[in-house]
Structures are given as C-alpha cells and as structure tokens.
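Have a look at the structure below before the remarks.
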Amino acid sequence: MVTSTQVAARSSHRPPETLFPPRALVRGEERRMPFDPDEWRQYRARMNDRILSADDRSIKRFFALDTDVYARGALDARTKELMGLVASMVLRCDDCVRYHIDRCLAEGASAKEITEALAIALVVGGSITIPHLRRAFEALDAFAAQR
Amino acid sequence: MVTSTQVAARSSHRPPETLFPPRALVRGEERRMPFDPDEWRQYRARMNDRILSADDRSIKRFFALDTDVYARGALDARTKELMGLVASMVLRCDDCVRYHIDRCLAEGASAKEITEALAIALVVGGSITIPHLRRAFEALDAFAAQR
Amino acid sequence: MVTSTQVAARSSHRPPETLFPPRALVRGEERRMPFDPDEWRQYRARMNDRILSADDRSIKRFFALDTDVYARGALDARTKELMGLVASMVLRCDDCVRYHIDRCLAEGASAKEITEALAIALVVGGSITIPHLRRAFEALDAFAAQR
Amino acid sequence: MVTSTQVAARSSHRPPETLFPPRALVRGEERRMPFDPDEWRQYRARMNDRILSADDRSIKRFFALDTDVYARGALDARTKELMGLVASMVLRCDDCVRYHIDRCLAEGASAKEITEALAIALVVGGSITIPHLRRAFEALDAFAAQR
Amino acid sequence: MVTSTQVAARSSHRPPETLFPPRALVRGEERRMPFDPDEWRQYRARMNDRILSADDRSIKRFFALDTDVYARGALDARTKELMGLVASMVLRCDDCVRYHIDRCLAEGASAKEITEALAIALVVGGSITIPHLRRAFEALDAFAAQR
Amino acid sequence: MVTSTQVAARSSHRPPETLFPPRALVRGEERRMPFDPDEWRQYRARMNDRILSADDRSIKRFFALDTDVYARGALDARTKELMGLVASMVLRCDDCVRYHIDRCLAEGASAKEITEALAIALVVGGSITIPHLRRAFEALDAFAAQR
C-alpha cells in the first residue's frame, strides 16, 4: 500500500544525506542522548523516594494501589501490563510507555505482541501518538539490548 | 477498608429514601432512559452508513483500518477488545466503552475480566473516569441481559 | 469591552424570537429536561452500589481514597472541593463538575467563589470548556434552588 | 478497500432488521430525539446570558476574545471556522463541533470542505473521535435542512 | 491593553538582568540546546524507518493514511496543514506542531497566517497551551532561518 | 499499607546499587541536568517576548487575561495559584506545574499545602500524572533551595 520510502519521504523531509553520524545520536531532538534505561530507572527510584518522603497518606495509598492493580487476577500480569501500555500510549505519556514496555518484557511479552498493542493504541489515539510511538520503539530496542 | 455504604454516603449525598421509582429510571440525569442496546446499535449503524455515504477516501480507509486492527494476530481478539476497552475508558468515551464491552462479551470475556480491565483504567485515568465507570456497568448489565 | 448582547449574538445565532417557551426547557439540547439534582443523586448512588457489588479490591480501594483525599488537612475541605471543581472543569467532566459544585456549596463556598474558580478553569482550559461552563451554571442554580 | 456494508457489519452489530422505525429516531442512544438546531441555539443563548450575568470580569473578557479570534485577518473567517471545527473535533466536544459546523455553513463552506476537515480530525484524533463524527454528520444534515 | 513588559514581568519572574548569555541558549530549560531542525528531521526519519521495519500491517496502513489525508482535495494543502497545526497545538504535541509548521512553510503559508492559526489554538485550548506556543515560535524561527 | 521500599521496588526496577552518583544527577532521564529555575525563567521570559513581538491582538489579550484571572478577588491569590497548580497537574503540563509551584511559594503556600494539592490532582488525574509528580517535587525542591 505504501513503501517505507514513500512514507519517510513525506513525513520527515529527510535531507539528501541519510547517514546518521554519531553527532545525531548525541544531540537528537528531544532525545539529546539515546534513551538510557539505567539512568531512567535511577531517576524514577530517586524521585519515588522523594515523593513518599513527603508522607502524604493519599499519595502513599495511591502508589500502593498502582502496584496492586497489575497483579495477576482473572487476567494474568502480562495481559495487564499490555493494557497499561495501551492506556499509556493513548494518553501519550512517554515515561509510562517506557515503564510498561519494561514490565511487558519482564512478564514475557514478545516484541510482536507489544507491536500489536501499540498498533491498537495508534488507531484509537490517532496520528498525535506517532511521536510517542517513535520513542516507544527506541525504548523497546534499548530494553531488549539489556536482556 | 471502606464499606459500600460509607462510600455511597459521601460520594452521592443520597437522599433519605433509597427507593428508585420508575420515574427515576425514565428521567435519570444524562440517562433519561436506561441504556437500550438495540437502539444504540441502530443509531450507530445508521450514522456509520451516513458517514460512509460522504464517500471520503480517508474516512473510508480509517474505518477499514479500525476494523482490521482488532483481528487476531499474535494477540487474540478477546485480548485486543479488552485493550480497546481500557483505551476507551481512559479516554472517557462512553460510546466506545459500550462498543468494546459488547465486543468483549462476544469474544467470550467474563464479567470478572472486564471488571479487572476497568480497574486498571480507573487507576491509570483517575477519579475523572468514575462517571464513565457507572455507565460502563450499566451497559455491561444491559448487554448481559440480552445474552 | 463587550456587551452581553454582542457576545450572545455572535456565539448563539439566536433566532429572532428570544422567548424561551416551556417546550425549550423540556427539550433543550443535550438537556432534554432541566437538570434535576435528586434524580442525579439517585442514579449516582444506585450505580456506585452496582460498581462496589462487583467486589473488585482495586476499585473499592480507589473509591475509599477518592473520599479520603478531600478531607481537611493543611487545606480545609472547602478549598479542596474548589480544587476538585477546577480539575473537573479543565478535564471537562460534567458529572464531576456537578458533584463538586454540590460539595462546594455544602462546605460553605459562595457563588462568587465558585464563579472565580470556574473563571480560572476557563482560562486554563480554553473555550472548549464553555459548553461545560453552561451546564455548570445550570447545576449551580439547581442546587442553590434546593437550599 | 472496504465496502460500507462490511464496515457497518463489524462496527455496529446491526440486528437483522435494518428498518429504522420512528421510535428509533425518537429514542436513539444519547440522542433520544434527533438534534434540533433551534432548541440548541436557545439553550446556548439562554445559558450564555446566565453566565455573563455573573458579571465576572475574566469570563466576560474571555467571551469577547472568543468572538474576536475568528474575525477575518490574514486568514478569512471561513478558514478560521474550519480550523475551529478541527480543534473541536480532536478535543471531542460535540457542542463546539455543532457550533463550528453552523458557522462554517454560514461562512459559505461546502459539505465537501467540512468533510475533509473532519477527515483530518479523524486521522489526528483517532477512532476515539468516531462517535463525535456520527453526531457531527447528524448536525450537518440538520443545519443543512434549515437552509 | 497590556504591555509586553507587564505580561513578561508577571508571567516569568524575570531576574533583574535581562541579558541572555550564550550559556542560557545552550542550556535553556527543556531546551538544553536550541531547536535544531536537521537533527529533528534525522531522528524522525530514523525512527519512522524503525517503526515500519516492524512490518505491522495496521501501522503501515495508518502511516499511509496519515500522508494521504493532507493531499489537496476540496481544500488545498496549505489550508490542511494549517488545520493540522491547530489540531496539534490544542492536543499539545510539540513534535507535531513542529512538523506542521515546517509543512505550512513548505506550502507557502506566511508567518502571519501561522500566527493566526496559533491564536485560534490558544483560545480554544487555553493557557495550558502556552508552553507549546513558546516552542512553536522557537521552531518557526529556526525553520525560517533555514529558508 | 505499603512501605516506600516495596513501592520503589516494583515501580522502578531499581538496579542492585542504590547509590545515586553525581553522574545520575547530571544525566537523569528526561532531565539530563537537574531543573535549573533561573534558566527556566530566562527561557520563558525570552520566548514570551518573542510571542508578544508577533503583535497578534488575540494573543496579547489572552496573555493579559491569563495574568488577570489569578488576582485576588473573592478568593485570595494563594488559593488561586494552588488551583492553577491542580489544573496544570491534571492536564499534565510540566512547565505550568513549575510555574504555579513557583507562584504558590511566592504567595506563601507551605510545602504541605502544595503536597495536598498535588495529592488531589493525583487522585483526579490518575497514575498517568505520576511522572509529572516526580518533576513537580524536583521543581519544588529547586525553588525552595533558592529561598
């Protein structure tokens, strides 16, 4: 229906040269540096600790609930994490998308299953989700490279 | 942790009488009449035909794609419809929620599985989704009554 | 800066006659009948009971948390309900707006305070909130008429 | 690529009979009665007056600004109203969609131009906008019938 | 009505010195470095290729549709790209805003037309869009500097 | 109900070492460098000037209105800024959250009051706001360190 080249040509106005020098990797727009899973985990852990240190009862209960709702029940954890991924994508939250991709992989979801979940999110949420789809695949590759 | 009565008391300001006379059913706020699955299906079918009659190529391709993305692939249709339900709930679209509940039931999802999907959507999407959760359970009961 | 008449003229395409016969009240757009606080409370109470009857642990914990977070702390309950109103308006949830207006009145907020909260929501959320602003004032008048 | 029949079949679960008796028109889902442009205009005008009667300076200035921004400038009023329509559709506000369709027609936009604007909104906003697309076409037909 | 100085004073808490040393340009908040159109295009092209390499039929069809819907029809391509810009702004997607500004310029839209489109988006979407408006003007200037 | 450790363990996949070396501070996820209030203010001031230099009447009026609506009225400025914070959080705008935290502190709000406002936003807006909550606390600490 459409070749990769046709789509890329229109949707990116790619300049003549198609080489991506290391410099592009280091300074890519909104992604000055490639996504680094370990730093991302550290920032999350550090700030979660900071939030919980405020000792607000409602916030602490919410965090506990957020953990609990993905536990196996009638649906298994893998399916629930895939649902969390779809919800995160249609709501366009990069951090949440990364988190659920990491969790999906930990629960044994395949790249193909994750891709199909992302396709549903793309159709439900529309083209406005495409920038997040790019960052989702970047995260998927970064997490996969660690396993 | 909390009884149904305590929650209901706070979140509804229920008047002393708890009888729901037929009049309430007929004139309930935003729900003048109880949800009627058959009329809902007819309105959808009629307006889908109207939209497609405009003969816009992009719209027709989108509708085809919207059908295609839920077909069985690496994930089965039941899982995909549950994902569509979660996406619809966090995006707070009553019509879409009803549609995917209907489809989930058709694909064999249980009420418990649907409830767990709705719980994930509630935690991801927050209390702003609660009015849609009410209408989701109303639709679930109406569809179940037809089977 | 602008008269009510000028604004109304542009933004409503009001037909020549400006009489609002009872028929308009009965069949108003998206408001076939005027907002009825008691029926609204009954529908909420009935469906909250239905939701809690599903006995899902996460949903029950969320409902408890949703009650708890508005309790007096460093901020008083009136301020918290006004915050809930602003959040509901920018997220454009009519049901939530009505609920928090009802609660604001119960906590002693004045019509002027509620109006200022709605003005902030209008500026933050933009003209897309105006239809919800109409329904908010309709609810405000309906609740006030009961007190 | 897809026939109207195939799409309708999947996306509506149309019951065997495809006759739409008057009863369906009167009680259609979320549209108990067909959209009535005059009543809709009256409700808007009445509630706009109510809002402005609260005499809040910020709200009045916002309403004035909301009128002003669509006036002819470098872009003509027809183009601006079509933009307002696209914005309203991706933000999924039925009332705003109806208002801008009415204004687009008043500024001389054709049904084909309005349809193309709606197609862009559908692709940007995704399938979650489809229920609003149905109501948009219903409004388009109702407004057109008055001209 | 308001001078630039008054607005800036309130909405930015500008420190006494109003010089913007090169360091500020290099490390500006959320904009560590000024927006670089070429790197941005390269990241998009590279990740679009990555997404399409997953060979998911729905995703590929969506990308094709996303190209097609902006082609000249009853509305010309310039008008459609301006609509895409308004939709992207009210949905608050920086990447999409940049893309459509680039496309608007390529289709011959003037800075004044783009500004009027952004003004509509600001009024529809509210003050929450202002941070995106800042980045939109930064992108507009960066793209213009390349032509 | 849940310990900080349990929550952090699940929601962060923290690697064995829990030391946060300076490197993590410098290159933290989406926050390559720690939030710097002064640079952030400078970027805002510079781009606000750029926007106003476009001399669009609607945009200038909107900016004036955005200043005006937070002025003391029936509600004091501190309460209004806290409302702006809640609205910004549920709409998930990091820049707006930072701005209103800065303003709340300037109006004398305590860290505890700000935390309770954020807790309301978390419950209304759901877990999708958590990444913004992390950045809110980071900003709160950075602003507090300047006072």
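As written, the chains take the letters A, B, C, D, E and F, and residue 1 is the first residue of each chain.
Note that in this section a residue touches a chain if its C-beta (ideal position, glycine included) is under 8 Å from a C-beta of that chain, and two chains touch if they have at least 3 such contacts.
No experiment lies behind these values; they were computed from the predicted model shown.
S.K.: Work out which chains are contact partners of both subunit B and subunit F.
M.R.: A, C, D, E
S.K.: Tell me which has more C-beta contacts between its two chains, C-D or A-C.
M.R.: Between A-C and C-D, contacts are more numerous in C-D.
S.K.: Given that subunit E and subunit F are copies and touch, would you call their interface same or different according to whether over half of its residue numbers are shared?
M.R.: different
S.K.: Averaged over CA atoms, how far is the centre of subunit A from the centre of subunit E? Could you give it in whole Å?
M.R.: Distance between chain centres: 22 Å.
S.K.: Between subunit A and subunit D, what is the separation of their C-alpha centroids in Å?
M.R.: Measuring from centre to centre gives 34 Å for this pair.
S.K.: From the C-alpha centre of subunit D to that of subunit F, how far is it in Å?
M.R.: 35
S.K.: Going through subunit C residue by residue, note those that touch at least 2 other chains and give them in order.
M.R.: Counting only residues that touch two or more other chains, subunit C contributes 32, 58, 61-62, 65-66, 69, 87-88, 90-91, 96, 115-116, 119-120, 122-125, 127-128.
S.K.: Can you list the residues on subunit F that touch subunit B in the complex?
M.R.: 90, 122-129
S.K.: Which residues of subunit A touch subunit B in the complex?
M.R.: 65-66, 69-70, 73-75, 79-80, 82-84, 86-88, 90-91, 96, 110, 112-113, 115-117, 119-121, 123-125
S.K.: Per the contact definition, I'd like the list of subunit B residues that touch subunit C in the complex.
M.R.: 1-2, 4, 6-8, 10-15, 18, 20, 24, 27-32, 92, 111, 115-116, 118-120, 122-123, 127-128, 130-131, 133-135, 137-138, 141
S.K.: Along subunit A, where are the residues that touch subunit F in the complex?
M.R.: Residues 32-33, 35-36, 38-54, 56, 58-64, 66-67, 87-88, 91, 93-96, 99, 102, 106 of subunit A touch subunit F in their complex.
S.K.: For the complex, give me every residue of subunit D touching subunit F.
M.R.: Going by the criterion above, the answer is residues 57-58, 61-62, 65, 68-69.
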